[in-house]
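Both of the next two complexes hold chain A, though its partner changes from chain B to chain C.
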Partner chain A sequence: MPDSSRSQRLRKLVQEIAGKPAPEDDQESLFESGLLDSFALPDLVSAIEKEFAVKVPDSDLNPRKFDSIARMDAYLSDHL
Partner chain B sequence: MIPAYLHGFGAYLPERVVANAELAERLGRTSEWIESVSGIQERRWAAPEATVSDMGVAAAEDCLRKAGVPANTLGMLIVASGSGARGFPGPAAEVAARLGLDSTPALDLPMASAGSLFGLALAMRLAETQGDVLVVGAEKMSAVIEAAPQDPNTAILFGDGAGAALVSARPGRWRMLDAVLHSDGKYREDLAFQGTGPLRMNGLTVILQAARKIPSSITEVLGRQNVSAQQVAVFLLHQANLNLLTRVAKSLGVSPEKVFSNVQRYGNTSSASMLIAASEWSETTSVRGPIVFSAFGAGFHWGALLADSAA
Partner chain C sequence: MRIVPQLDAYPRLVSFGQTALGKAVLLGAFAGGLFFNRLDSWIEITAAVAAMTYFPARRRRLVSMAALYWLVFHSTWLNWAFLRELATAAGQKTDWTLTVLLSGILAAVFCVLAVFFRYVRARRVSLAAKRPVLCLMAGYALMLAAGALLPLGGMTRLLVWSVIAVTAPYLWFFAYALKDASARTPDDAVLQFGTLQPFWGSPNVPVPKGAANLRNIEARNPEDLSITQLKAIKLLIWVFTLQVLQQGLLLFVHGAPGELVLRLIGLLHWTVPNLGVPTLETSLQRAVVPVHIAWASLIAHFAQALLSAAVGPNLVIACCRMAGFNALRNSYRPLQALTVAEFWNRYNYYFKEVLVDFFFFPVFTRYFKQYRRLRLFAATMAAATVGNMIYHFSLDYRSVAQMGLWRALVGFQVYSFYSTVLGLGIGISQLRGHGGQRARGDASRWRRALATVGVLLFFCLLEVFDQEGRSVGLGRYGRFFLRLFSIPV
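On to the complex of A and B.
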């Protein structure tokens, strides 16, 4: 289930990588909105692994899982 | 197993230079945007009548001349290309015939981007029984780009060219130590070209997987041979995109300068790029030490190969 503290940490990570504020709406696509480009995605996954001490296996490297703060939160909810 | 050696490299690049400005106008983008997302400033495109085999023969002859090996002594030819003009026979038969070979086995690897790496790894294992093995990577990606209207994100990347490497069981400049190869066909639709229509590329998936799998395969082959990334003299990688090369260096914890790049001048020449890079690097350096080759491409196929300066 959504975790507001985790969402805030994810929002901070997105902001650091994008160099711009994260969207207010957690459901908004970070890539379709143009906030992040394709080369930011590997950096985002690495940052999530470090921040949450979790290993994202290659089989989970599906861009849809990391497309929005809500989806990242849901992924972490299932794997932490 | 008798060790195999790399004796040298060769390359061919078409004369026509296609600068970003030319593509930017056609694609409704700017030169600066193309360079920022890819690192590419220009690429080479072959003449309309030039074929993959034409370029493959030119690179093969360049490699054989530099290695001082006559074509008629080759024990095997391997040609990697994802952009051959027809289904069969692939370009290996024509390249072999034009090199004057009439009974030497000539093997096609119809693989984009990772084909020359797989060719080198096969040659390393086959040199013991086949003798001198010439590996060629040749691509006419401009034909793919011109085949149909393309997504600008894809059309900006590709160039034409060919590279070659001579592998032998005879002692040579670099001893080939080990190779790891991997494939995962569940991603086969994420980067594909059907022969007609646009090239299909799910950029997010390609980059996410490549950024993980290239460093992991390099780490795997280095670990098997107890060599650290910091000990490696140069990383000769498939020249997909400068941003990807930079990320690979970061993942490995090495300076970006250790990752050779010429993607700025030639774009992504798919299966030719790694051998073109090796050819340029080998002509401009006398550096000794471990060399790592690595590539990732449609399939997905990926892997890495480790060689070291021979004693």
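On to the complex of A and C.
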């Protein structure tokens, strides 16, 4: 279930990593829009681990799992 | 101010692009764009794209059919000159019999890949299925070593080197196909075939990656398709603008205009003065070059490299988008990069993606897990240095065949040096975190400008060593580099 405060925190993280504001639409792909790239994925995942005190296993280190704010939110819903 | 209008942001245009007339207009604009961008096969590409536009449900099958057509009629990625040399040396004819032989070899190579693909799907726990790309690379390396080290002659030599020459241009495409084999629902063999040297052209570097990415970025409905095609037209206009700039630069700096500008000048009866700056290649060959000329040659070469990365590959992306796949551009505003790592990502995106997918992630997910910074640095070096070297060495089989393995390896010293410095630069940039990127919002305009100049200077100086030739040693490039700073050698 989407959590608005978590989405806000994720937006802030994305903005910090990308250096640009996250898109308004939570479903919009961050990688396809060029906001993030796979090279930045470890940074994003590390930041998520730190912010939400969650451990992301290496097998989940896949750009598609963190492709949008909505997907990150869904991932965290499943793992928190 | 925008040079190219945001065509895809106008709702009326997007709606118009979904009508039968709108599609025809877009296809006409696309054909014109290809023609003005001097793409030889503009008629065939437009015909292929038209079929995909009017039959979107069969798009992926049509992509595969187009790939087959290009393989039969436009297989420019195969090194025919090298293959003919081999055949002549083996006392074989270079007529249709060579074509038949190579067709057989190519079919056999595809069959082996298909069998391996099925094996990876069926035996997920075996080592080969877990590391299919490593197996692919090991197999290719063994073939290369066999071709170089075994005392082969005649027909055997022709066969071995033909297998290598036919496999090499597909190597990284095969890697993406094998990566897709471990996906939950991968594409079947027919659809995979369309991604192996696709018809929109992407010599050596798979653009836009493999089948998994194509599934992700394919237009889902008529509106998606219209937006994607408008983006294609927009990109074609941008590429044309850059081509004019690139050729104008060639004319103004070196006095050597490209064909496009040459025609324009002839048409307008212009006389254009030029700076007479020698090319970097010429400057490198001269024993003595004044410092200002050395810098001018280097900067002009770097500007050309930047423009080349934005012209050719983005033309490929425009064709891919017109076919209905919303692929990212290859080169995206590299001059806005604030860090070395960001520049590398923006400058040549799809090449970087190959290295990230097949070198960065495998190292990052396996080694130094307890040491965060070391882990990131090792993965970056694996991609930008080791992967970069392997990528370029694997494709230059011709040097190995002609010079022998050892001499080819020794001759690779300049590019190895380049890759090492590049890896170190990106690795350090990564370790410094995204400080530069975070600064974007709050840093002063001067600080950002300074960061950009620093990044560009790094890549510009590194360009001295971005040489894949095997006949000149590192010393000559090193001397040129020192000459830039008036250091006597």
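Rule of thumb we're sticking to: the second predicted complex is superposed on the first by the 80 of 80 C-alpha atoms of A that agree within 3 Å, B and C clash if a C-alpha of one lies under 4 Å from a C-alpha of the other, contacts with A are read in each partner's own complex, and residues count from 1 in each chain.
We take it that contacts are C-beta pairs under 8 Å (C-beta built on N, C-alpha and C of every residue); 3 or more make two chains touch, one makes a residue touch a chain.
Bear in mind that the values here come from a model prediction, so they are computed numbers and not experimental data.
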*Clash or fit: chain B and chain C on chain A?*
clash
*With both structures superposed, pick whichever of chain B and chain C touches the larger number of chain A residues.*
C
_In the overlaid three-chain picture, which partner chain does A:Asp37 touch, first (chain B) or second (chain C), both, or neither?_
both
*asked:* Between chain B and chain C, whom does A:Lys20 touch in the aligned arrangement: first, second, both, or neither?
replied: second
*Identify the partner contact of A:Asp58: answer first if only chain B is touched, second if only chain C is, both if each is, neither if none is.*
both
*Scan A:Val45 for contacts with chain B and chain C and give back first, second, both or neither.*
first
_Once the two complexes are overlaid on A, one stretch of chain C runs into chain B. Is it 168-176, 258-266 or 474-482?_
168-176
*Which residues of chain A are in contact with chain B in one complex and with chain C in the other?*
37-39, 42-43, 58, 61
_Contact set on chain A toward chain C in their complex_ = 16-20, 32, 34, 37-40, 42-43, 46, 58-59, 61, 64
*Inside the complex, what are the residues of chain A that reach chain B?*
31, 37-39, 41-43, 45, 58, 61-63
*For chain B, which residues are in contact with chain A within the complex?*
37, 202-205, 207-209, 211-213, 216, 243-244, 247
_Complex contact set, residues of chain C against chain A_ = 216-217, 326, 328-329, 332, 338, 341, 344-345, 349, 352-353, 356-357, 360-361, 364-366, 369, 372, 376, 379, 433-434, 437-438, 440-441
